[in-house]
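Before I ask anything, here is the structure I am working with.
Chain lettering (A, B, C and D) follows the sequence in which the chains are written, and residue indices restart at 1 in each chain.
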Amino acid sequence: MAWTRDEMCARAAQELEDGFYVNLGIGMPTKVANFIPDGMDVNFQSENGMLGMGSFPTDNEVDADLINAGKQTITETPKSVYFDSAQSFAMIRGGHINMSILGALQVAENGDLANWMIPGKMVKGMGGAMDLVAGVKRVVILMDHNAKDGSAKLLKECNLPLTGAGVVDDIITELGLFRIGEGGVHIQELAPDVSVDEVRERSEATIVTQ
Amino acid sequence: MAWTRDEMCARAAQELEDGFYVNLGIGMPTKVANFIPDGMDVNFQSENGMLGMGSFPTDNEVDADLINAGKQTITETPKSVYFDSAQSFAMIRGGHINMSILGALQVAENGDLANWMIPGKMVKGMGGAMDLVAGVKRVVILMDHNAKDGSAKLLKECNLPLTGAGVVDDIITELGLFRIGEGGVHIQELAPDVSVDEVRERSEATIVTQ
Amino acid sequence: MSKKVYADAKSALDGLLHDGMTILAGGFGLCGIPEHMILAVRDSGVKDLTIASNNAGVDDFGLGLLLQTRQVKKMISSYVGENKTFEAQFLAGELELEFNPQGTLAERCRAGGAGIPAFYTKTGVGAIIAEGKETKEFDGQTYVMERGLTGDLAIIKAWKGDKAGNVVFRKTARNFNAPMATAGKVCVVEVEELVEPGELEPDGIHLPSIYTHRIFQGQDFEKRIEFRTVSEA
Amino acid sequence: MSKKVYADAKSALDGLLHDGMTILAGGFGLCGIPEHMILAVRDSGVKDLTIASNNAGVDDFGLGLLLQTRQVKKMISSYVGENKTFEAQFLAGELELEFNPQGTLAERCRAGGAGIPAFYTKTGVGAIIAEGKETKEFDGQTYVMERGLTGDLAIIKAWKGDKAGNVVFRKTARNFNAPMATAGKVCVVEVEELVEPGELEPDGIHLPSIYTHRIFQGQDFEKRIEFRTVSEA
């Protein structure tokens, strides 16, 4: 039985460690924040210029000067600190963020990542994604195992334009947790009742078992 | 009659303009601050991390956390702002400081400046001088016309190691105000009763009259 | 020092605008954008602008207003979603677009303001945005060279400023405003509150007065929210 | 988050010191130096240190103490006057010295902390410090390439810090402390006052907690003044 989206987020949250500084991408990765184990201190960075990001505000707390990188209204916490975009990406580029959890269109078995453009479609831009994958210590991809048309997203080589080359460390899909390593994509953990064969069938990348 | 040191400082102060941001070197240049014309708003930068530097403190005001680049105790003013050394030199290197007034060992007629080391003597270091002469919009040298042994300091070429190449705009000595220009050092103004011949005699550089 | 103080956006920009110029516009999304100066630029009719801004506003607010009037020739941005006018003009070939990774754009401005003509970064190595750019190896890793960016004019939004030009931002409205301010040959700041010199804490100033050439207090900021997300109380 | 909090300099540096390491030490002259950690480094006996610091202290205070005990192999500084011990050891060939222009040293630390392996600057072009370094032309001007600088450890002095690691400096004691903090693989901060998270204004923090690995409140700071210059009241 494949993991639900909540289970995927919860599994991603288990990769966090106490004291970590973490940047969560827009979409499903944002929800990982809801699954932080009790008592674990995780500090969320928002690349538009904040550490110690809080949850969404109540109606009364909404502040136009306080948004996240997805341009959503948020709140501050006792640990919050604000800074400018140059400082924000100094942190990111400089390797000070422990982990980033991001979505993906394609991941290749050598760690290449494509998550910002589809040729022929209108390109919205890479935002901070290229900086995050280049600079953050550990990049975890949280994505559906396959595209909507059923095609593989775990590939031998990406055919979409890259966000970064050799940047991915781990991939979490509904089928399990995978790690980029010697010889291909290593299965670290499978969702209940998911078989290695199913992973292989639904991937193009070389799948390595421990 | 050559200018006194006070007259030299006063003459340098006349080169300032209302609204200027100015960095004054250690020694005689520091005294230029005492000759700012009334009503003129000049903002002094101290490269250790301050704009809006005030005068020396009274005994009661002395604060170990408030010093200038010469490590002397100073005071703040209503316009004061503090910043770190990277920001301070971003200002300097980025051309945001209007003028720097500095001392010199030697100035060449092409604007080369030597003011930081004498081979064979203990070298204390360039501090911020190389950054200032490379980055500040206008570099004014305030110095004795000749060395203590009577040798020329306004030269065809510096023979001491350079602080910067082609960086000097103006030179003020007890003999007058000089500008680096086409063909050599141009006399802009002479102190009372100082002749062009005296300047030529006491300089090695090509002296150009208007 | 009050010579830096102007009455409003129009007077503060007087004499600074010309066709074909490059403008650095602070803000992230609609947060911390110089909304009064964007309107004044629109009303001035200046055209063929190159605008560096992380985003391009929405159709009817922020920089989207200058797209509607076709005053923009080129955008330098990291993300231009949320804007149909942009998409239509871009697909019709009427608008040039230079994508910069967000951190590279911020650093290019910071470098431009700090007298650094170029720097190396890992960001974008192996991606199409690095194509045609010089690369160099340091300690066994490949980096791409990016150029410092400066503009004819920086238009900046802040929370408070004093009449000497010292400026304070508020929360995440700081974003690109600080680095872009340093990279403008001229920088004009609109603030919500203009105060006397000495009223701002000298240890708490985000943008030192040296970067502020002109400043004015804007009236009736709209401060539109792009995505109002709320939780239950 | 209180896992970052230590009792004193000795415990805060426990396990971080080893012979031959590179230490980035904040401060300008004697202003804003990590005086407790300098003593703890001395007492640890660690040797063959490379220390990047704008200055080298005076004979009997600041980094001069580590020179007296001959724990320093090399200094990276912009100005080392005011220190006879330094002069004697240097002239005897017992101490290596790498001069960096002050702004280049600050920018090298800022770059090192920001993941920028190298940048270009006009500073030092034509001077002996540029000899042997790569140069490059941009827009008709020559610039020299300088490398980002990182260290095994940054030792930083601040005014206030909270237990999460957010830090505030005071007046000109900020200086090199902020950029050096970002460039240390590990950064330890000594503060005059340690407060609870939330007590510092989040818009007024100079060094975000992410850069602070360990923090402690120092007791009885001497804060020696190098040149006490006073005017009449």
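Following the convention adopted for this analysis, contacts are C-beta pairs under 8 Å (C-beta built on N, C-alpha and C of every residue); 3 or more make two chains touch, one makes a residue touch a chain.
Just so you know, these numbers come straight off a predicted model, no measurement behind them.
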{"item": "Chains touching both chain A and chain D", "value": "C"}
{"item": "Longest centre-to-centre distance from chain A, chain (CA-based)", "value": "B"}
{"item": "Chain pair with more C-beta contacts, A-C versus B-C", "value": "A-C"}
{"item": "Intercentroid distance (Cα basis), chain B paired with chain A, Å", "value": "54"}
{"item": "Centroid spacing, where centroids are CA-atom means, of chain B and chain C in whole angstrom", "value": "35"}
{"item": "Distance from chain D to chain C - Cα centre to Cα centre, in angstrom", "value": "33"}
{"item": "Between chain A and chain C, centroid-to-centroid distance (C-alpha), Å", "value": "28"}
{"item": "Of all residues in chain B, the ones touching two or more other chains", "value": "76, 82-83, 89-90, 92-93, 135"}
{"item": "Per-residue overlap in chain D, given as positions that touch at least 2 other chains", "value": "107, 110, 114-116, 121-122, 169-171, 174, 202-203, 206"}
{"item": "Chain-to-chain touches, reported pairwise for every pair that qualifies", "value": "A-C, A-D, B-C, B-D, C-D"}
{"item": "Contact footprint of chain D on chain A as seen in their complex", "value": "18-19, 21, 41, 43, 45, 51-52, 76, 78-83, 87, 89-97, 135"}
{"item": "Parts of chain C lying in touch with chain A, wherever the complex brings them together", "value": "28-32, 54, 77-82, 87, 90-91, 99, 101-107, 109-110, 121-129, 159, 169-179, 206, 223-233"}
{"item": "Chain B contact footprint on chain C (complex, rising order)", "value": "1, 3-4, 110, 112-116, 162, 164, 166, 182, 196-198, 202-203, 205, 208-211"}
{"item": "Chain C-facing residues of chain A, complex", "value": "46-50, 55-60, 62-68, 70-74, 76, 82-86, 88-90, 92-93, 112, 122-131, 134-135, 161-166"}
{"item": "Of chain C, residues touching chain D in the complex", "value": "107, 111, 114-122, 136, 138-139, 141, 143, 147, 168-171, 174, 201-204, 206"}
